[in-house]
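Report on the structure given below.
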């Protein structure tokens, strides 16, 4: 299936991805990972929940950690442009026959919960409590110096269908991988906020969350994190990298939190605000697609992901296989 | 004058700043500076004109160098979202009583030339020839490794009036400097594309172009450029920096081209896509506003700029003075 | 006076500079500066004295802070190769008619105190307590990530005489500045350990300690320190930089401790172990000597320094003047 | 076998490793690799031979490329302190029953060729032509910006014996890997010039040259080289890295030249001039020894190396195996 033409005038205006809720089995262990190691800032916490933001963010939270019995992903949050967009969005999802539940979320204005056609729980809001800037409070910077949440990457059992849906609500494809044999998309990167992606979809048993990514200042911050994790008991949590992606051109590292939720540390992709930006096509058989420098990803990176609360899993029917590290 | 509320639904959709036309008196000398030293890529040239793009840009040009008898700025170019926006924009400018001339520009689609109320020549288009990506052609990277044009900064004899005009057409203030005594704005930074600015205005005899800025990957590229310029005959062209701006938090360097046109090299500001992002206010008397680390800018930086073709100059009536290096 | 030929077989073997004793008037304030801000590690402390080491050092201390009524420098320490060298050195200083006092120094083996002919208090030892490596304890790294003490720079009222003396005991000139008019040396950089210098001398009222330098991994660590100091109350302690020295080619920053003792943060000079390395000569009138990028140093940098305990000050007779920032 | 005590007063004074002669089968292809890609500078060349130096070196050559029918290593060169050391060294090798041949080498003073007891061809000299400094000719920097040759690493069939021999002539062990089962050394790093090593030995069929290493300014230069090689036809020449070694703490990358000779790009180890520096011991079973971040090296890295001209190969008798990437 070819990449659809971008939806220049979508039914409502999504500004960007906003936040993720991770259910975790040991809140103290997760705090040590996200706060003491990655360097995210706590904006509120009690014995069941921790709210976190990155250094340049002024919204109240980009990650919500919630204590639970088993690890999962409670929701993916998106910020809409304005309150009228919120009502347009709610109406649009209802029109699609998808559930729309208005929910109370601390530190957020009016918020509704829905899901995409594949079962991913989505929440939309237009206004979240704004906090005072801390990006020049350099004493607070630590760990990998995370600046902002960058994107969500999800396993999809039908990437073409995922592209079609998210394209309809205004996400534009910037790069994609084609399985030349079947002519189907293996993976796609789609943006709203002007980088390579806010959301991406990769072929596999889904829906599952592959990873959430954070933007950092330079590759040296990623090297600092590797040194820190390697010498503070997190050696086994380093999964892949550092390296440069062929797709997106970003410098990357993948690490796993104590429950196995995958976090990408990411910098230096490119600006994509032009509405006539041509998508870049890659071939599934090109090893530089994954890593420009040639190293394949490990099997765990292709197979493991976080389940979404309440989403039924479906296997992909694609038979093609990426190159996996032996 | 307080900062006006942002125009959430402007009369037409400007995507971003696009390009500048610099009139230069020695095209070969300018080529040595922009191509061999800064590292911009030539996309077309003849004996009167050179078209340049930066490494991640796919539009045909971000700088057009034109041989002339005296140095000046021929135009500031902006990209609109779509062809309908182009017609809406032309109508809007005509409604303001501003001139609208449809012009032929190589490598661009329909383009009109107008000016802002202060005389700055502006050109708008929606489509420019798109070139194949070169951001992964690493053999081409040289000089400061310029990735993309980032912003224009202009002297304005009435910053409040400049803010009001550009706010009306959708630029949003992200940071500004107030002259506490007069209650007027000394300077303002306004964006469309999601960084701290596409355009900025600084108090002074105007309108003049203070500088055009290019985004680079890391501060180390700026250090590389300093080393290169200092040892290839461009020592006197280094005007200010390196340093970190208080405003924008960006790491910066200012250099002058052979005709004195000022170029800023810039990296690491922050994302501003949220429509409810609160502007950050600075006091004119705060030295960290200019340089977070305290060093004041030299007198030339406050006083010298490039004239716009055909624009009459007006002195500012503000009496306040910034801190200038002795 | 020409630079003397290096002493290939000196009377005793100095391995490297080792440590400095700073007398400070507020030990808590100094601790906040050296430990919490620069990131040196405390190896011992009581209410009168703090011992510090840098991250890759295994000797017990590179700085000793001692509470006192007025700021001064108690001693410059040097490490000798072996115990026999210590006896040869003591005999040699005694032969020159210089005082030799065997002193007790915590954490050091046999140590004697002497002075150079100009009154600088020097202490020599061969063995200091060795501590376990911490260079891979990345959790401890903070501030500017100081790796090791690099050099001492001193004001000398007669640089040629200082060069002659230190050359005799094996320090080799790597670079020097000549005052072309008088034919005298304005400044010289002399090494033992294989970098551009362990000691340097600059013309001026002396003897005084101009600064002690620390080596850090990359220029980005220096930028981090600037950001930190600028936002934690140390703005006025930033004196000069960042920049690249023409001499030594190092990337540098000069900061002042709470008592005004000057610390240089320094990286990326070059290896000088070849005994036939030719000294590089600079002209006092060449502004790139100071800063390759052209910015002159401020007046304080040329005029202020720390007095040595017990050393009488003498004015230089040279009339030439360096270029000073206006 | 325990690590022997360092030889504090060796029979002659080796300053540092100096140069390597690589026999290559396609001089033009090798030039494209070493000059156009790595960025070494040509100091002389004809149709059979190319002499290269790195950016901060003032000696005439650190690599000599010689056209030949099959790839091999012609010699490892070392610089002695002074001419008397050259005679002492020649006498000492002769006393050991090792061959001593005085040879003519362009751009070098008196030079003799010998071999170590395991057949590695060694050449010693005290003086080589000195060239004008180019370390501030920033226009010349390209590729990975190689600053200086750093070390040789060799396969040895009996690492304990290699340590014993090189220790006798003054090389000091800084770090080593023990095979706990046999009590034998698996690998050792030994220095003269004040870094972690000038020479290293790794267990394996030997003698063979494992790699020659070059020092570069920062990890970002290594990332630049990866990007360049990955997009200019050298993808298959990237063998291992980037990463941080546990041993030496250096940031590294291994690449292969067109004949398979292995080059390490290396930065940020630590200073080792103290004669009482304690060697750091690692266990062969510790995966962080190889790469602090945990990734094992590929099989080729453990098994492939360059043969020395005229040296007979012997298998190691050690049965222990390092951890190899699957």
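A, B, C and D are the chain letters, set down in written order, and residue numbers restart from 1 in every chain.
The rule we apply is simple: a contact is a pair of C-beta atoms (placed from the backbone, for glycine too) under 8 Å apart; a residue touches a chain by one contact, two chains touch by 3 or more.
This structure is a prediction, so every number in the text was calculated from the model and none was measured.
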- [ ] List every chain that touches both chain A and chain B.
- [x] C, D
Task: Farthest chain (mean CA position) relative to chain B - done: D
Task: Pair joined by more contacting C-beta pairs (C-D or A-C) - done: C-D
Open item on the list: Please tell me the distance, in whole Å, between the geometric centres of chain A and chain D computed from their C-alpha atoms.
Closed with: 44
TODO: Please work out the Cα centroid separation of chain A and chain C, and write it as a whole number of Å.
DONE: 50
Open item on the list: Between chain C and chain D, what distance separates the C-alpha centroids? Give it in angstrom.
Closed with: 33
Task: Touching two or more other chains - residues of chain C - done: 136, 218-220, 227, 230-231, 292
Open item on the list: Building nodes from the protein chains and edges from chain pairs that touch, which of line, ring, star, complete or other describes the result?
Closed with: complete
Open item on the list: Looking at the complex, which residues from chain D come into contact with chain B?
Closed with: 136-139, 218, 220, 224, 227-228, 230-232
Task: chain B residues touching chain A - in the complex, by the definition given at the top - done: 8, 15-16, 56, 58-59, 79, 81-82, 127, 130, 133, 135-136, 147-148, 193-194, 217-219, 246, 249, 268, 270-271, 273-278, 280, 292
Open item on the list: Show me the residue ranges of chain B that touch chain C in the complex, using the header's touch definition.
Closed with: 218-220, 223, 226-227, 229-231, 235-236, 238, 242, 244, 251, 288, 292-294, 325-326
